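Here's the structure, in structure tokens; my notes come after.
Chain naming follows the written order as A, B, C, D, E and F, and within any one chain the residues start at number 1.
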Amino acid sequence: MTTWLTSLQTETPQEGFELAITLARKGVAYTQTSPEIRKKLRPHYAENADSLTMASHVIAVHFQTVSAANNYWK
Amino acid sequence: MTTWLTSLQTETPQEGFELAITLARKGVAYTQTSPEIRKKLRPHYAENADSLTMASHVIAVHFQTVSAANNYWK
Amino acid sequence: MTTWLTSLQTETPQEGFELAITLARKGVAYTQTSPEIRKKLRPHYAENADSLTMASHVIAVHFQTVSAANNYWK
Amino acid sequence: MTTWLTSLQTETPQEGFELAITLARKGVAYTQTSPEIRKKLRPHYAENADSLTMASHVIAVHFQTVSAANNYWK
Amino acid sequence: MTTWLTSLQTETPQEGFELAITLARKGVAYTQTSPEIRKKLRPHYAENADSLTMASHVIAVHFQTVSAANNYWK
Amino acid sequence: MTTWLTSLQTETPQEGFELAITLARKGVAYTQTSPEIRKKLRPHYAENADSLTMASHVIAVHFQTVSAANNYWK
């Protein structure tokens, strides 16, 4: 796999949030390496409320990490 | 996407809690970008006890982050 | 919404635990703003073991936050 | 409710683990205040593997808190 | 119950990971005290992918605690 | 079991993320020690959106640990 993560530092909290989203998706992509299958699964979870909450939860955990890495952009 | 998050600092813990709610919702909105579909899903989870607990859980995780960012408003 | 959270500091760990319960409930109340619907949902989760464990989990996450805010009442 | 939590400090990590169990159970007890109903629910979750894992998860979260409160009994 | 946890300190991160597994199992054992019932439940979760992921999750939470207790074996 | 974890330190955040994946899988492997059964379970969760999100969640928790161990590669 190519380089996709060289730093946890971001300019703004919003960029940190977007990095958290990337990290959450990468956790899925390393587990299911086929982009075709991931694409096929997308309609299921993107239209299921609990699936979306679960996805938001993973983002929240990564956002804790990224926020700490940036000293909360204080 | 436009700028929606410029700081994790808030005046009061209650504003911090409300920011945590915003963050939880943004996690959903980035995953399901259609406001129509999100609106359609709302009745399901808003009237399901476990879905509400799951939503409250995500808020709790973000509230940890926001609280740390504000040094717990000490 | 009126002011309901002005501080994370509490006198005792037990009051901190009770604040964590309040925070968990507020996470639900902001998501489902109708007290009638929340009341209607109560029998379901209050008599379901897994729902109670999930609720206890959210309290645990908030109790981490409140405990850190109070330096663990050392 | 009477006083049940006056300190997060314990003599040993094992006592800290047992306090974490108490905290997890209290989270349930505050949500479902009837001991009769809680007792009735017990057979369900105590013989269900996933329910037990969920209960263990809540204990783990509280054990993080109690461990930090005791500076990890170093 | 006899003494089973006297320290969170371990020699290596791998021993710390194995302690995290012990902690996760103890959380189950305190909740379901019958070894016979726990043994009976084992085939269910050990052959269910989501149950295994849930078990791995609890280990991960305890590993955070044990890692912090050992200052990450730096 | 042979030695598989001697350090939480990594050169880059990406290697840290990959270590988090290893830790998540080891949590499963210690619980279900048969590689044959784990292999049999793989198609189920790798093609189920919620299972993938759950797996990504466990990675996120371990990534918090690994990131803290590396002082966020600052």
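In this text, a contact is a pair of C-beta atoms (placed from the backbone, for glycine too) under 8 Å apart; a residue touches a chain by one contact, two chains touch by 3 or more.
Bear in mind that the values here come from a model prediction, so they are computed numbers and not experimental data.
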item	value
Shared chain contacts [chain B and chain C, defined touch]	none
Centroid-based (C-alpha) most distant chain relative to chain B	E
Homomeric contact chain C-chain D: same or different residue positions, threshold half	different
Whole-Å gap between the CA centroids of chain E and chain F	15
Whole-Å gap between the CA centroids of chain A and chain E	27
Separation of chain B from chain E, taking each centre as the mean of its C-alpha atoms, in whole Å	31
Chain B, residues touching no fewer than two other chains	45, 48, 50, 54-55, 57, 61, 64, 68
Overall pattern in which the protein chains touch one another (line/ring/star/complete/other)	ring
For the chain C and chain B complex, residues of the former touching the latter	3-9, 23-28, 30-32, 37-38, 41-42, 44-45, 48, 50-51, 54-55, 57-58, 61-62, 64-65, 68-69
Chain D contact footprint on chain C (complex, rising order)	12-14, 17-18, 21, 45-50, 52-57, 59-61, 63-64, 67-68, 72-74
